[in-house]
Structures are given as structure tokens and as C-alpha cells.
Amino acid sequence: MLAVNLKAYKEAIGNRALEIAKAAEKVSEETGVEIVIAPQHVDIRLLSENVSKVKIFAQHMDPIEPGAHTGWILPESIKEAGAVGVILNHSEHQMKIEDLEKAINIAKKLGLVTIVCANDPVTARAISSLNPDYIAVEPPELIGTGVSVSKAEPEIVKNAVNMVRQCNISTKVLVGAGISTKEDVKAALELGAEGVLLASAVAKAEDPYTKLKELAEGFMK
Amino acid sequence: MLAVNLKAYKEAIGNRALEIAKAAEKVSEETGVEIVIAPQHVDIRLLSENVSKVKIFAQHMDPIEPGAHTGWILPESIKEAGAVGVILNHSEHQMKIEDLEKAINIAKKLGLVTIVCANDPVTARAISSLNPDYIAVEPPELIGTGVSVSKAEPEIVKNAVNMVRQCNISTKVLVGAGISTKEDVKAALELGAEGVLLASAVAKAEDPYTKLKELAEGFMK
Amino acid sequence: MLAVNLKAYKEAIGNRALEIAKAAEKVSEETGVEIVIAPQHVDIRLLSENVSKVKIFAQHMDPIEPGAHTGWILPESIKEAGAVGVILNHSEHQMKIEDLEKAINIAKKLGLVTIVCANDPVTARAISSLNPDYIAVEPPELIGTGVSVSKAEPEIVKNAVNMVRQCNISTKVLVGAGISTKEDVKAALELGAEGVLLASAVAKAEDPYTKLKELAEGFMK
Amino acid sequence: MLAVNLKAYKEAIGNRALEIAKAAEKVSEETGVEIVIAPQHVDIRLLSENVSKVKIFAQHMDPIEPGAHTGWILPESIKEAGAVGVILNHSEHQMKIEDLEKAINIAKKLGLVTIVCANDPVTARAISSLNPDYIAVEPPELIGTGVSVSKAEPEIVKNAVNMVRQCNISTKVLVGAGISTKEDVKAALELGAEGVLLASAVAKAEDPYTKLKELAEGFMK
């Protein structure tokens, strides 16, 4: 899985988010690699209605049931808008443990796939106990640096994969932070990860199609 | 101004939000009353692209500049999606003072109208110093009760109007909490308010058009 | 371990906290049961300087290093004041996962014992991955009710003990929520717990000595 | 008023906090200047029991009534421990508006003096509407720099003094951020402030007595 977090980058809202999603759709068709795009909440429906081969995820949702929760993100609403999954506990949007457990349970009930972020192998192991579908290990000190964790600190990835398997064999591990080239992707997969989570390398790319294509090639044997 | 907050009510997401917005558009055309609809973030574009006589507001936005802010609501993104204003500091989504000031400043820069909530006249006066366009006075103990502040506690509305005028004459006062009938609207206007902010009375109405029409008539002489 | 959380009860601050700690000291001497008292932060030194057979814990500390952190609880400062341990992630004071991990690591470095609260067996297992000394399982719906989890929902305690052992054998399990009698303590121990965490039953007792003595007897064979 | 915030500096906890308080007591006796010392919560009682000519403030308190609030700072408990006032809304510990209003009201009820921090003149005016005893204007970009706001940006101080007087004449203005010399104090007073709030210049001073004496001389004609 190649997951792209568009964050709140000005280069990646509205029609520009749609362009990135369309580029991703093309790359997914050409390479068979599963691609996830996580736009700003207001752009979820725009993307889900205009691309079909790419999975649209929310960047966050709040652990709430329908009701009086002004301004919070209702899980049912992101699903209704076409999201098929959600990123939770990103280092830029950390959650309390009970809230994370509640959000994962709501996601399961609604059929939303969960990618939960962890900043080191120990937290990754803890989070795996909550049974998310994916854990993305992202050392915060590498986020946005262009220095990939899979190359700079391969031990972190190996440890994360091992620690997650100690408690829970069904959660899959993604590698995040600093991924920006085909080699970063390859290195991540060789260390036992099943995909990558990245942001600026694609969101700020002048040509998202070319960048996505390069990254997708990292998944080829 | 008749402002309707759809909160995270399950009766008011997706197409149901759109139906409410269309009913509001019809009522606005028939009565000339300015109506605001604030849906879940994922529904902002759906509404703004399908109704034109109603103002679409966000229920909240985060005080952030474009950049690496996973899962937070970027002001630019709600504007791009068609919102023309934003509710801030709702009692269900309270903000720190510095964040509120920052959000109001960002809104001004982007041309978004601000409705800032306050739970009593003293906080209303404090918030008016930050120069929002509207202040909505909503005693939290009356929210969702069907007992309107304008009838149950007219002193609160009068005091709020007076206190806001002490510091700042351009901010307008809306009355919230428990508004559900034409009489509630009339009472609010007689006390010096320039409109109302309400939620469940419309969001959960079996027939939103009829309810909105009744409330709009409260604005007629 | 019999751990008593004095929370912010007005019956348990200042000299009244000291009286409870002295009663606990007497009971500990008479019965050999290890007793922990967790007072308000301002009372830590008062208790630690005036009782020696009871362990004084903080009710919380913030995951910070010394520096510019106005109004936050510095771990070094609670240790310097005589605390030997700390409660973390109480359901009334929940923490983000990364903060909890950081706080546990700081506690280890300073030699402070950690009791981390969890509201169900799944979260207990997740938290055990972070290697605290104790996990206190406290279903929030039973806190303060006088209905003890060990009697009302023994499965929760059994599951928590089992789940914690899946990932981590050194963390000990305490049972909280609703513990108020000798029988509650006995039931908790029989289910595999190594102690209890309680609050109002002692903090609001007219005669803390008698109540503590009764509870301590629950630890006797 | 010369207010000293000891923050969470390791040079200013426990006995070292007491030394600073004793130095302050001596300076206050020698110069007649009113000095406030705000230590870590665990040190409030240590200081209040051992110095009498200096006012001990808490660095923060939570807007709570006595009850089940594990790990939060109960206003009654800081008062019982000897604090006579409290700093609120420091830029390192920002509060929601409703919480700040509640905390100020609790302080008034308990007879605690309030110093509320604001990071610019507009927020200062807003906060003055909540009727605290003092407002400390502290542009966060100058905190800890040794560049004082009274010298680097005198307009900010003048504007803050004027804006606070627009709405509320009884709140007094302190100047914070970067104050470290006698000249900084003099400049602040000339601009209309009634005192200063500072931290590292005293908390990290090798000789707190000499530094406090110098600063106190800034209050002399």
C-alpha cells in the first residue's frame, strides 16, 4: 500500500487534490499498486466521486457517535462522503488512548480501514493491541526531512515489525517519515513493511504522476 | 440572520443536509430572511455547489496556516469548498483565547464571516474585543432543551447586548440555545439581538421547510 | 498493594490528607499491607515529611523535562518533594499515547513507580506494552458507584489479567472502580489482581483508619 | 509588583526555590517593593511556611470545584497550602475562555489574586473584560530572550495599557517577556505598567538576591 497524506498543504486542496488523486488512479491502473489518498475533510467527497481506482481516506475522525458535537468530524459523515478508511493518531494529531480505542471500534463497525500512526516501535506494539488494520511507524524527527526512516534507521523499522508481531499478527506495518524515492520504498518492503505512508514528496511534487509512478515502481520485484 | 447548526446529527448529513439547505433556500427566497446553514465539513462543498441563496458556514476551523497539520481543518480549504463563514468557540468546541484571536484574524484575511459563541454576557463582552462579526450568546444549560434563552432568561440576552456594546459597537449579537419557535425568534429580536443560532429544532425536524418558514416569520414585523 | 487516590475531594486536602496518611501508616504497620496515598500535588511534601511507612504518589505528572513549562507538573519536582511513584492516565486525566510513553520513561529514569489506569482489558493490554509497573483496570462507568468491578464484572478483571500477560509478564494488575469493602478486595485478589486502587471509600470516610483496616484485611489469607 | 515565575526550571525547585523566596523576602524588606514568587505546585507550602514578606502564587490552577478530578490542581488546595494568588493563561499553559472565566470567578470567591497573561494588546483587552486583578502582557516571541518588550516594543506596552483601560479601569497591567534589568523595569513603569512578570532572569540567576535587588531598584524614583 502506497498511502499519501495531503495534510493541510496549500498545494493539495480542492482541484489540486483531485489532480493528485487522478494521477494516483492512473498509476494504480498501470502498476497494480494499491494507492490511498487522504485529503482535507472538505475534499473527501470531491475525490471519492471523481476517482474510483484509488482509496480515499480521511486524515482523522473524532471518536463520537452522531449527536450534538459541533465542529467535530463524525465517522458516519466521512463514510457517507465516500471515505473507505481513516488515518488516526498522526504525530500532528495525537489521540488519547481511550479515544483511539473508541475510534478504531467505530471504524470497524462502519467498515472503515484504519491506519494508526506510532512514533516508535514500543508505541507501535502498544497500538497493535488495539487491533487497527495498519500501523504506520513514523519517527517524528524524520517527518518532512526527505531522509527516510527505512534508510536512515532501518533498525526502527525492523523492531517495529517484530514488536507488532509479538502481540498481534494481523496488523500490517507501514513505514512513514521521509519516504521520497523508489529506493526508500524498496528498503521499507525489504525490512518487512507492507507499504509506506508519505506526504510532501507527492503533495508538493510539481508532477505528482511522475513521482507516484516512481514510488509505485518501488513495489515491483 | 437565522443560523442553523447541523452539528453531527445523523438526521443532517449528506443528502439530508442538502435537503435542509434547499428548504432553507426556498424559505429565504419567500421571506427575504438571511439563512446560514453549517453542515459537517465533508458536506460543505455538496451544499455550496447546490444552493445559492443560502450561506454555507463551517462549524469550526483550526487557527492554522497551510502546511503540515494532518487532520486539522485548514481555513483556506473550507473557503475553497464554498464556505462563506465559520462558527467558532461553540460550547461543544471551545477554543483557547489566543487560538480564537488567530482564527478570527485568519477569517478576516480570507473574507470569512465569523460567528463566535459565548456562554454568558461577560464572555460575550470579552470576545467582542476580538472583533468577530457576530457573537452568539448560548447558555450551555439551555442548549437542546427547547426552552429558549430569549423567553426563559431575557436578562441574559439584554445584558449580553449591553455588554457587547460597551467595548465594541460593530459586533452583532445572535441568541442561541433552546430557540425552536417563531415566538422565540421574536423575543430575541425584541431584546436587541439581530438573529438566532439554532440546531436541533431544524436539523431534526420531520419537515425542515415548515419549521424554517415558521422561524423566518419571527423576523417579520 | 492498597492504593488510595485522594483526587480533589475537599475532605482530603491539607491536614485531612495528612490524617488519612497517618491512619494508613498505622494500618500498614499493623497488617503489613503496602499502602499508597496519592494526594493533591501541593500536599505531597506535607505527607512525605510526616509519614514514613506509607508510599506517597502523585496523581499525575506531565511528560516534560525541566525548563520553561509554566504551571505543568515537573517529574523532578514531585520526586524532590518526596513522591516515590505516580498515577498516570486516570480516566479523569487521560493522556495521549506518546505522552504516556514519555512519562513512563521519565519515571523509570527518576526511579518513580508507575500505576497506569486503563478502562478495559484491551486498553490494559495496549498499555502493558509500554512497561509500566502497575496497570489499574477501572471501568469508568463503575467509578464512584460503590459497585465494585471485582464483584459486578469479574470477567473484566480476569480478561485484563490474561490480556496483560499476553504481551508483558512483569506488569502487575490492580483493580479499581467501586472498591469499598473487604470482600471487594478479596474478590479482586482471587481474580488474579495484585491489589486495588480506590478513592472515595477512604477519602470520604468518616473514620479512614477503620475503613483502611477493613480493606487491608481483605489481603489476609 | 515584581512577579517571579519559577516555571519548571531545575535550578528553581525545592530548596533552591526556597532560597530564591528568602532572597526575595530580604529585597522586599530592604526596598518595600511587593514581590511575588510562583513556584512549582509541590513547593507552594514549603515557601509559604518559610517566608512571610513575599507573596506565594501558583503558576496555574484548574477551573474545578472539589470532587473527582484526579491529578488536576484544585483551587482550594493551593489556597490551603498558603498561596495568595495564581497566574492563569500563561502562553505555556493557555486556557479556553470559559475555563478562564470560571477560574477567575473561583479565585475571587476564594480571595486569590489573579495575574492573567495575554500575548498582545487585543487579547489583553478581551481578558480585561473578565475582571482579573492583573494582566501580564507577554509577547511570546520575546519570552526567555533577554530582549525586553518594554524596550524592544514599547508600543505594545502602551497599546496594552490603553486597550485595557477602554473596557475596564480596575485591572492593572504588568509587563512580561524578556525583562532582565533595572532599565527594563523602569521602561515598563514609564509606559504605564504597574509592575513586571519575569522568570529566567531570577530563576536561573547565580545570585538571586543581587538580581532581585537590581530589579527592585527599577521601582525606585
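Lettered A, B, C and D in written order, each chain numbered from 1.
Assume a contact is a pair of C-beta atoms (placed from the backbone, for glycine too) under 8 Å apart; a residue touches a chain by one contact, two chains touch by 3 or more.
Given the structure is predicted, the values throughout are model-derived calculations rather than measurements.
Taking each chain's centre as the mean of its C-alpha atoms, the one that lies farthest from the centre of chain B is C. Mean C-alpha position of chain B lies 44 Å from that of chain C. One inter-chain figure worth recording: chain A and chain B are separated by 34 Å, centre to centre, where each centre is the mean of the chain's CA atoms. Separating the CA-averaged centres of chain B and chain D is a span of 37 Å.
Residue numbers of chain B whose C-beta contacts span two or more other chains: none are found.
Chain contacts in this assembly form a single closed ring in which each chain touches exactly two others. Those chain pairs judged to touch are A-B, A-C, B-D, C-D. Looking at the complex, you find that chain B touches chain D at residues 89, 91, 94-101, 118-120, 122-123, 125-131, 163, 166-167. Residues of chain C that touch chain D in their complex: 5, 7-10, 13-14, 40-46, 58-60, 64, 66-74, 76-78, 80-81, 87, 90, 92-93, 143-144, 199-200.
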